[in-house]
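Next come two complexes built around subunit A: one with subunit B, the other with subunit C.
Moving on, here comes the complex of A and B:
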């Protein structure tokens, strides 16, 4: 054990060997009650796909019912703002369903009646061109993922102060042949969470997929971060999907003003 | 490595970093942008005014503060830390005037603020101030000055600089556009400050606030709002006393 300057007691690594190991193991051993609690929680965890805003479930998997050639997924508020002002704002997009999930880390305790506002993911398809989230089998599908991370998580030999944030980096699967719109993510940087899961899935199942990751120093909804995604509008996936860029920029500015959170901590 | 050496301010990491000071610099980036320009006969401070909540009194949200009649300061970062630093600086300005019967020089008060900030990077149990400051003014010799301080307690004189969010973008703009011709004329220096801020100022409805000190004249604080946009990015501006 060691004490810090502030009086907190922390566990220091012990070089004396195995003296305390037996005591620690007893503390770590799981009781049958613990195991039962964990089993019950695991049973409660669920992911549900629902049709539009009603509570009707989609019996078959969403992709089989609406298989598509281009699947674009945006994770995080900046990526979602980019997609909603530049892509879903051009053309008529119809909401086809949503995904809701519950696990023991969710704040709501009611597992049966998840309200529509608690959807974790909403699915849209383009009415005028159903092949975008449309009618081709998985074989010809191409996936684009957009997300953002804080620039301090970007590992580089330069100091973060000299990085031109926000900036875009890309990571693609082996089967993705199209040119990417920015430089590739260098080692030793890694991708985490949902984007990593989607990319790994695509790599295993040989689906062409590309992740565009925006490193920014403002994690909340921010105009400059959203505009950093603009280079991808020239890619094959987005050509034809975006019609009116000035109108989209105005739409984005409106989104910023409505969603602005007042904070007096930083001036 | 960072997680073991970043909890106490008085601990260096093996490669010589003081992580708390570097994290304080991240806090500065959370504040809105401020730009300072030193002209031939004028010094200008421009800040991006945050929009306030509906029920909040706008006058209490101030990013530019006068330290004395001839010195003023803009900051970026933690509001409360700035309030403490500004109060100490103001007291020091008056104390100096009473003791030596001369107003402070811009360099003196900057050094005072920087020394104060440095003390907090070497004290046990206290965290650094999470603000960077741009301090401008004219000395008795009539020379305009612009200084910048940061949470580590360093200070430097600048011809033009920016702090806060997207400071790097603004600094790059200034490096390209700061010329001797641009700053020779007072109005051109003011326009340069506004153009620099417009590189990064976000959505409509936000205003820019300017503080101007001309030689032998008192400080003026103005509000600038965008009048209309023209083609080729030329903008008309309406200046009104704020």
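Moving on, here comes the complex of A and C:
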């Protein structure tokens, strides 16, 4: 509870997230029907791995079928655009599967027939170079994660308006020995959600992993934001993966224009 | 962890328990010995929150880490994010199972409770309270008595009903009550130390709570009775900068 300046008492959300206490107490009075509903909901929310073309489930885990030494994850539209234009555009990449998931934030209720525009994730594998998503043992795996965040989430003693955005920051696990392509993310800044989940896993299980985070003030697909990821191209992971930079830049421009037309509300 | 004391926070109002653990880890320069890897808390990562120099600032930290100070037979578990919905109960079970299998001698849980829930008597007394599980009471009752501490009072289980039964309630305490109840039934020696707080700048509350704990454990040597001296004795972690956001744009003025 908190009092506003106007003298009203309102229920303010607790920073420590403890409003769910009442829910926990109700949980003790849970009926078998409640439990069943919760179980079904949990099943609906499971992440399912599918073979892309046939949409049948993968029987074994993706990494067992395609063990790899370099695993690159792009999260968010700018990171994905960077990866599509510069990396998967060079060389021949084959789709090996996709992950589908549903939670209460999705607008559809049907989990089986998610359309391509719904949130999903596609896995690619480089046909020419088996060490990238290829046949090397998992022990030597290195993970790279790319994502972007709004610049206002960056904490600094100056005002965020004066920062030269977009800019790149990195976080790496203890076992990552290669040099990083930009400065490390200083405290008190933190990262959460999927990139944090992946990095936490890698830190605990001693897998070398690095997260490159682009702070930008434009959250939709933007040329300048995507190009801010370019310093990564000189890192060990990406050297050899990227062949033709001018061609990639062209590809990127094409991606932008396709998107721009779609989002123009004045036509 | 035989004969070792475990101190941990409850994720509670004002995050006071967690801030207090930060102060303890930072002041005693405890070293990280491991992780309590769990899917029950929201994932988060960042660089070393207790960094003192460029050299030690690049170690990655996650949301649940374990620190130790072997010379004082002390282990601290730090929780840095909130629980995912419906996962707090499984977490309590996993935590207590770890406590028992690791053979910790005693557990101290640092927590807080909403100050607006206090009754008249509580408003007039000290904001600190303690709770002991029966097995803990047997071993430390005398020491606690000598400290003249206030035990957490029972309040009506259902406040709206006049003749409702009385029980221990810790509003805003997160998993505090659940952990306490489970520890009672599993005969784990646990003490809960909490402060009545409101959300806001809770650094003074955290300092108060560690001083309260210090009266008992003597983690750092008590010096004079000067209350202002207490802030200087505890080392504020370097990650406590910018708690209320970035700098302001000069154009605002």
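Going forward, the second predicted complex is superposed on the first by the 212 of 267 C-alpha atoms of A that agree within 3 Å, B and C clash if a C-alpha of one lies under 4 Å from a C-alpha of the other, contacts with A are read in each partner's own complex, and residues count from 1 in each chain.
The rule is simple: a residue touches a chain if its C-beta (ideal position, glycine included) is under 8 Å from a C-beta of that chain, and two chains touch if they have at least 3 such contacts.
Computed from a predicted structure; not experimentally measured.
*Asks:* Identify the partner contact of A:204: answer first if only subunit B is touched, second if only subunit C is, both if each is, neither if none is.
*Replies:* After superposing on A, A:204 lies in contact with subunit C but is clear of subunit B.
*Asks:* Please indicate which partner A:31 is in contact with in the superposed arrangement: first for subunit B, second for subunit C, both, or neither.
*Replies:* neither
*Asks:* Should A:161 be classified as contacting the first partner (subunit B), the second (subunit C), both, or neither?
*Replies:* Both: A:161 reaches subunit B and subunit C.
*Asks:* Contacts for A:253 in the overlay, against subunit B (first) and subunit C (second): which applies, first, second, both or neither?
*Replies:* In the superposed model, A:253 contacts subunit B only, not subunit C.
*Asks:* With both structures placed on chain A, which of the two partners, subunit B or subunit C, ends up touching more residues of subunit A?
*Replies:* C
*Asks:* Quick check for you: in the superposed arrangement, does A:223 touch first (subunit B), second (subunit C), both or neither?
*Replies:* Touch status of A:223: first partner only.
*Asks:* Kindly list the residues of subunit A that each of subunit B and subunit C touches, one partner per complex.
*Replies:* Common interface on subunit A, subunit B vs subunit C: 152, 160-162.
*Asks:* Mind listing the subunit B positions that touch subunit A in their complex?
*Replies:* 7-8, 10, 25-27, 29-32, 50-53, 56, 61, 63, 75-80, 82, 124-125, 165-166, 168-169, 200, 202-205
*Asks:* Which residues of subunit A touch subunit B once you look at their complex with the stated criterion?
*Replies:* Touching subunit B: residues 4-6, 152, 160-165, 217-218, 222-224, 253, 256-257, 260, 262, 264-267 of subunit A.
*Asks:* Going by the contact rule set out above, which residues of subunit C touch subunit A in the complex?
*Replies:* Interface residues on subunit C, with respect to subunit A: 11-15, 35, 37, 42-49, 51, 57-60, 62-63, 81-83, 85-86, 88-89, 114, 116, 171-174, 178, 199, 238-243, 245-251.
*Asks:* In the complex, go through subunit A and note every residue touching subunit C.
*Replies:* Of all residues in subunit A, those touching subunit C are 1-2, 12, 14-18, 20-21, 23-24, 27, 38, 152, 154-162, 171-174, 184-197, 199-200, 203-204, 211.
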